[in-house]
Structure formats: C-alpha cells, structure tokens
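After this come two complexes, each holding chain A, first together with chain B and then together with chain C.
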Partner chain A sequence: MTAYTERLAAGPRARGIGSRIAASFLYTLGLPMLLLVVWGLVATRSTSRFFPGPLTIFDAFVQTWVGPAFVEDVLPSLYRLGLGITASIVVGIAAGTVIGLVQWLRELLEPLLEFFRAIPPPVLIPVVMLLLGITDTMKVVVIVSGAIWPILLNTIEGVRATDSVMKETADSFQITWWERLWFLVLPAASPRIMAGVRQGLSVALILMVISEMFASSAGLGYRIAYFQRNYLIAEMWSGILLLGLVGVFLAVVFGLVERRVLRWYHGIREVNRA
Partner chain B sequence: MRVPSTRRLRALRKALLGVAGLAGFLVVWQLIPTLGLINSQYLPYVTDVSARLFEESLDLAFWRRLGSTMTSWAIGLTVATIAAVVLGTIVGLVPFLRRATHTMVEFLRPIPSVALIPLAVLMFGIQMQAALVIIIYASFWQVFVQVIYGVADVDAVARDTARSFGLTRREQLTHLVLPTALPYLMTGLRLAAAVALILAITAEMVIGNPGLGRSIELSRSAGDSVGLYAFVVVTGLLGLAVNLVFRFVERRTLSWHQSVRGEEAL
Partner chain C sequence: MPDRSVLLRVEKLRKVYESATGNVEAIGDVSFTMNAGELVCIVGPSGCGKTTLLKCLAGLLRPTSGVVEMDGSPVTGPSPAMAVVFQEYGRSLYPWLTVRGNVELPLRHKKLSRAERDKLVTDALEAVGLGHAARSHPWQLSGGMQQRVAIARAVAYQPEVLIMDEPFAAVDAQTRADLEDLVRELHRSRGISVLFVTHDIDESVYLGQRVLVLSKSPTWVQEDLVVDLPPERDQITTRALPRFTELRTHVYDQIQRAKRGQAAAPQAAR
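And then the complex of A and B:
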C-alpha cells in the first residue's frame, strides 16, 4: 500500500529529468524533422521542377543570401520595415489616446476610421506611389498607411473602455493629467493595444513584400519576384524561407515584448481563472 | 421616460457627428486639389471620383470584376474555414497532437502568405487557383488557431458534469465543445473574412487574374488617377460591408453568449 502511494506521489518525476527533456525535444522538433525527411524523399523521386528538396533549397539559401546580397537586399528591407512599424506604433498610440479620451473627436472620426481600416492595405500602394513617387519614403509610408489602423483603432477602444471604478478612484486621488495617462489610461488600454500591434505587424510585413514586388529594383520582395520570373526555383524557395524566418523572428520578438508589457495582465487572468 | 430620451439624443449626436466627420473629410479632399496643394493629376477631385463611381456602377463589366473578386474570396474563405474547423477540432481535442504540432504551427503561421505568390504563379499561372492558394493559406491560420484555443477552453466542471451524466462522445461534441468554441470560431471567421478579402485583391494586383485588384493596377499603369481612386474607394466599401456582415452574423449566432448579452445590457 505505501509502495503504491509513493509511486503515485512520485508520479512522472520518477522518470528522470533526462527522459523528460528528450520527450519535450521530440515534441518540439519531431514533426518538423519528420516532414523535412518526407519532403526530401519525395523530392528525390518526383520530377516536378517546382518543388526542390530541402537540401537544394538550403544550398541556394546559403549562396543567395549569405554575402553581399544580405547587405544590399535584406538589410534595407528590414530597415524600412522597422521604421514603418515604429512609426505606426508611435503615431497609432499617440493619436489613438487623444481620440479615445475626447468623446466628440471620437464620434466625429469613428465612421471615417472604420472606412480606412476596411480598405485592403495593398490597395494603398498605387495611391501612395502616385502621391510620393517611387522612393524609399513611399515604401515606409505604405507600411505605415496599412499597419497603423489596427493599432489606432484598438488604442481608441482600449482607452475608451477604461474601468469606471478605476477612473473614479483616480479622480478622487486627484492625480495629475500626466500621471493619469501614464498609470491609468495607458496600462488599462495596453492589452488591446498589444492585440492591435500584433495585427499591425503582419500587415506591415505583407506591405513590405508587396511594395517591393511592385515598385523596386532591390529588396527582399523584388528578389523573390525576380527569381520566380527567371525560373530560379530553388532561389525563390530560399527567399520564401527567408521571409518566413523574418515573420517568425517578428513573432518571437513580439511575444517577448508582450510578455514583458502585459505581465500584470496575464497574472490577473491566471488568478481569476484559478 | 428621461433615460431613453437622453440615450436617443446621444445616439443622434453620435450619428450627426459621424456624418459631419465624413462630410468634413470629403470637403478637405476636394479643397486640397482646388487650392493647388497637390496637383489634381495625383489627387483628383472628389466630384470627379464620385462621378466615375456612378459611371462604373452602371457598367456591367465593373460588376463582373466585382463578382470574380468576391467569388475567389468566397471559395477561399469556405475552403479555409472547413479545413481549419476539421483540423483544429481534431488537433485541439487530442493533447498529443496539440503538443506535437505546436512548433510547426508557430513556424508556419507568421509566414506572410504573399511570400507564396511566386510559387502560386508558377504552379497555376494567371488563374484564380493561384489567388486561391494565397487566400486559403492566409485565412486558414486565423480560423485554425482560434478553433484550437476554443476547443481546448472547455470548462473543467462542465466537462466533468457531462461525463457523469454519461453523454456520448457525439453529444459532448455538440453540447459541450461546440458552444465553448463557437465564440472563438466566430472571431476567427471575422478576421479570416477580412484577411481573405485583402489577399483576394492583392493577388489580383500582383498576379493579374481578373478582378478589382487588376482594375486598380491597370488604372495605375494607365495613369488614370480618377479610376484608381474610384476603385480604391470601392474596395474600402467592400471591406466595410464584409466587416459589418460578419459582425452582424457574429452577434446573431452568439446572442446567447455573455459577451454579446453583456453589451446589450449596457
């Protein structure tokens, strides 16, 4: 009887730390590895030109992107992406806070902003091109013109929906306007703002690629379209892979920032759920 | 009696302000080229653009283009939703699968679907299928991730209750899992509908299959700025319509749910 309960109490820990690490390793990388192997096997048998094996793509990846191409094509693209994202976040949060706090302004602008958000962002590329010509500024403006809407509208909504008890508490403590903004309004809106930023990030990445496919002679999007037009299949796949990596990188960075910014929020939700 | 009247006044005020905002925007737009701040070649007059919009709305070719855009949107969204609901339910209900696919999903999901445009063009050429590849890829993840969350979110007490009442697997699925996952599914669907529209039009712009996106690209290369702005406005209205319809559907299907009931009580 005691032996039985002891075994129960020890539970999975009894299996030892080594096997647990192995299990989580298998869970994390098992499926991707399996798929890569299957892909490789299928690619060696099939005659399709459009689906080269993973090794060929890896070769092409190293040859295409490691070296001067990284500086010429990848870095400028990422620079514009970063600039566009930063501008969207700063402008979106600043304007969203103002609009969210002032009721008449919010009611004045709401239908208009809803319309602008509904415009599919890539459609704005020709418009911005017409207004600004084909320049680097245009590409950054394109990114901002698409990525800003989810951030702006979520900020407005988040600022508006500040908890009324907290608002009244802040009023009765007579804190200054700045303190109120910094300690009440922005933190209360931050879960929504972060949700908006997450949407904005993926829009920004899409716009970076498309604006370069459209009007550019350099950059990641241009390169991929160029490879496709010239039937450089493995190189094209390596470009897709690189874009995927950029996307994953953005998601990881965002995840870290979000966890840092919203630590208190996740904490509250855990407590509420328990 | 006082309370409803102030509420009605407030709603009226809101509507009036909204209309004023729109009117103000149109006036500013009209004034910018009139005052010569921006050449009317680059920013045409509102009056010209609306005249063009009216003209297009009488043209059958315009409606045909709109139709082909909406067809690829509808097919893409339907296929993506069905695939995502089936796969998401299976993966969400089986913890082993959920753990094993986690890395794969986290890697595949952030890949921007426009990166697949070259591949889609190679595979299908300038056809609707090429656009469908991109639309389906992008909208699939929106629904899939939500369904996985939703299916896994079943309340522990509710599940135990269902089990002690001896519900069969099928009954559990319809009475327990479905109601829990439905709000998540509707959120996913609303996001996916917007994303699918974005990519349907993007694909037409970049790939060149017939539709509104292609008209935009053609107006741009022809230097027809009035047409360009008119089509951009059309896509905006289309996006707005899609948003409104899906928000309405969401509210109707979730009228029993706390999130919607709570809103109405306010």
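And then the complex of A and C:
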C-alpha cells in the first residue's frame, strides 16, 4: 500500500518536468506548425501564383535576406525603428512626467494632445517629407509622431494618479525632488507607462514600414513594396514573414524588460489573488 | 521624565476647509503643550478632525490660524524633527522598494556616510523585530509587519517626535496588542516623544502618559488627563487594574459627552 501511494506521488512529479516542457513546446509551436502544414497542403493544390508554399517562401527568405540585403535593407530599418522607439520612450516619459506633475500645464494641453493623438500619423508623411526631405530623420520623426502618443498619455495619467498617502509620506519625510521623481513618481506610474510602451511598439513597427513604402530607396518596407510591384510574390511573402519576426522579437524583449521593471506589480497581484 | 522642557506647543489652532458649497470648520480652537520625552494620546469621537489636527501639527496642512511651535520655532512645513506613521501602511510604504529600501529612503538626503546610514536602518529594523525581513517587499508581509516597517522608517529618521495617526486601526486585535507594546518599548528605550492619535479609548489609556480628549468638530481640547498608571505596563496586569478601568470609564464618559456636544466650550474661543 505504501509502495503504491509512493509510486502515485512520485509518478506525476517524475513525468512532471519532461511533460511540462513538451506541453509548453506544443502549446507555443503546435498551432503555427499545424498552420504551416495546412498552408503547404493548400499551396500544392492551388493554382494561384499569389500563394506560394511555405518551402518556396522559406527558400526566398534565405535568398533575399541572408546576405547583402540584410545590411542594406534590414539593418537600416531596424536602426530607424530602434531610434524612433527610443526617442518616443524618452520624450514621451519626460514630457509626460512634466505634464502630469504640473496641473495647469495638463489642463492647458490635454485637449490639444487628444487632437494630435487622433490624427493618423501616416497622413503626416507627405508633410514631414516636405520639411525634412527623404531622409532617415524624416522616417524617425514619422515613427515618433505615432508611437509617442500612447506613451505620453499613459505617463501623464500614471503620474497624475500617484497615491495621495504616498505623496504625503514623501512630503513628511522631506524627500528631495529627484528622489521623489525616481523613487515615487516614476515607479508609481510604471505600470501605466509600460502599457503605453507596449502600444507604442506596435505603432512604431507599422510606421516604420509605411514610411519606407512612401519614400525610400532601401529598407524592409521599400523592399516589400518593390517585390510586390515586380510580382516577386515569394520574396514579398518572405518580407512579411521577416516583419512578423521583428514584431515577435520586439514583444519578447519588451516582455523581459517588463517582467524586470514591474516585478513588484505582478508580485502584488499574485499575493492578492492567492 | 528627566527633561521637562516644552517640545511641542499648539496655540489656538483653527482649520477651516473652504469649498464652493460652504466652509467647514474642522478644528475650532485647539491648544496644548507636549514635553520632550512624553507619550501623549489624542482621542476623540469619530469625525472630530483628529487627522486634520495631526496633519496641521506635522506641517502637511496649513492651519487657518493659530500657532504650532516645535522647540520654540514655528512649524510651517514638514520638519526633520517629526516623523509620521500613517494609518494606511499599504499606501504609505512603497511596494517597489524592499523593506530596507523603504526605511532607507528618507535617510538618503541626510548627510550621513554609507556606514552610518546602514547602521541606522539595521538598528531600526531590529528594534521593530524585522531584522530578518530586510530584503522582502512590503506586500510579502502581513499587515502588522508592514506597520512595523513604517515604524522602523520613522525611527531611523531620528525625529524628536513620532506622530502616529491611528496606526493600528487596520490590524487585528492580537497584532495590535504587540504593536502597542512595541510603541511603549521604543518610547521607553529610545526616549522618543510620541504623539499617538487613536479612536480606541482603551488603547489611549494603556499607552499614554497623558490623554487629550477632543470634542466633536469644530474641535477643541475637552480634557487634558494625566494617566497615573505605573510606567511599567503590561497588557494583562495593567488592563486589570481598577485605576485603568476608572480612567477608561472617565474617558468614555467624556467622549459620550463630546458626541452629544454637552461639554462647555472654552469661553475664550467663542
């Protein structure tokens, strides 16, 4: 009897780690694999030249992006994207903190900000192009003009909503301005800020592509548009695939940073749920 | 009490909240003094402006009129001579900092060496019995332990007076008794002056050397009562003393009178 219960107790644990890894692997990659298989099957039967099979696309992917194109097209795109995201985060948080802290400034600016946020950023591309020419700066400005809004508005809201007792605590201990900013205002706003950054990232990726499709002689967006116009269908699909991978990469990096920055926040939620 | 010098002097303190719907007089005319090294409790009926009074004393609110003096100089804003322990420990501790980080934060702008600062923090945490939890985050601790962290933070700040705003209102009865003894112990061993605001009559008599009974709002000091219980107090024996019962009954009566508004207001104020 004892042996039996022991086996029962040990059984699931012994299988636990291996099966858990296998299960998580299945959950993450199972559906994509299945879709790939379905896609391959459909593509072999289809006569449409617009939907090549996954193997053809994979082939085109290697042919197109591994080699000089990586340096000529992918890296400049990623560079502009990185610059745009960094600028959006830095400016968005800095301006959002100032606006969130100063009440009259907030009341003055809020209607205006809502207006600017409502303008779809792609329509700004011709305007920015006139002002800055077809340059890297123009593309970065376009990215920032769209990606900054969720970060800015979330930061304002997060800073404004700093808990009153926490503020009184800082007052009563005469915490200095910088300490207050660094140890109270920004951490308190960080869940909102991170939510804004998450939205900003996807907007930035979209605008990177669009700005390059409009006016560029290199870059991912330019290449995809070029392939499309020249009926290089498999190459076009491989570009879209690459864009998706860039998006996944951004999400993974963001996830790692978020877990680090908001460890306390997730910790509290876990405690409250228990 | 070897030192009988006046630490805190409050004179004719008045606070009126102004709003569009009309002015509300929260504090009418509060005057009292507190000596260095004293443990004074303030009790009053609920809604009598205890928290308002305390914020005025701590320099967090500007009184409409009247004077608060600390060591002879007027209090116009938060002062390094005072540390406040708030009732809402969950909102007063910063969840993104560790216990140690929370206690250390107010010391950062004091001109202390790293070693001195570390020593103050460690010492304060040990004084409240949380030496082992320094690396935890506040939300990993129970409510009573969190309030201990807030007390440690105030103690490490080395104030002359510790101002406590209903600090134990949100913890369970057993934890509360432990925390009361902790406050008495800190007061006795470190000679910190404590101003303890509470709505709990038994707590005020058990803790205080003096109890100030407040009237209902607009507030004035209805009675300034000396608690003539022995300085060595104990949750069981002290609370069983006949004198304890007399005092608590007396304070209870005063509070009932305060609620009904029967006590006569000081003539000077009217």
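The criterion applied here is as follows: the second predicted complex is superposed on the first by the 253 of 274 C-alpha atoms of A that agree within 3 Å, B and C clash if a C-alpha of one lies under 4 Å from a C-alpha of the other, contacts with A are read in each partner's own complex, and residues count from 1 in each chain.
Assume a contact is a pair of C-beta atoms (placed from the backbone, for glycine too) under 8 Å apart; a residue touches a chain by one contact, two chains touch by 3 or more.
What you see is a predicted model, and the numbers here were worked out from it, not measured in a lab.
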Looking at A:166, would you say it contacts chain B, chain C, both, or neither? Reply first, second, both or neither. second
First (chain B), second (chain C), both or neither: which does A:184 touch? second
Contact-wise, after the overlay, does A:176 reach chain B, chain C, both or neither (first, second, both, neither)? second
On the A-aligned overlay, A:72 touches which partner chain: chain B = first, chain C = second, or both, or neither? neither
Which partner does A:271 contact after superposing on A: first (chain B), second (chain C), both, neither? second
Of chain C and chain B, partner touching more chain A residues: B
Can you pull the chain A residues that chain B and chain C both touch? none
Per the touch rule, the chain A residues reaching chain C in their complex are 163-166, 168-169, 171-176, 179, 183-184, 187-188, 190, 264-265, 267-268, 271
Of all residues in chain B, which touch chain A in the complex? 13-14, 17-22, 24-25, 38, 42-43, 99-104, 106-119, 121-123, 194, 197-198, 201-202, 205-206, 213, 216-217, 219-220, 225, 228-229, 231-232, 235-240, 242-243
Can you list the residues on chain C that touch chain A in the complex? 55, 58-60, 78-80, 82-84, 86, 88, 91-92, 94-97, 105-106, 108-109, 137, 139-140, 153, 157
Chain B-touching residues of chain A, taken from the complex the two chains share: 27-32, 35, 50, 104, 107-112, 114-127, 129-131, 202, 205-206, 209-210, 213-214, 221, 224-225, 227-228, 233, 236-237, 239-240, 243-244, 247-248, 250-251
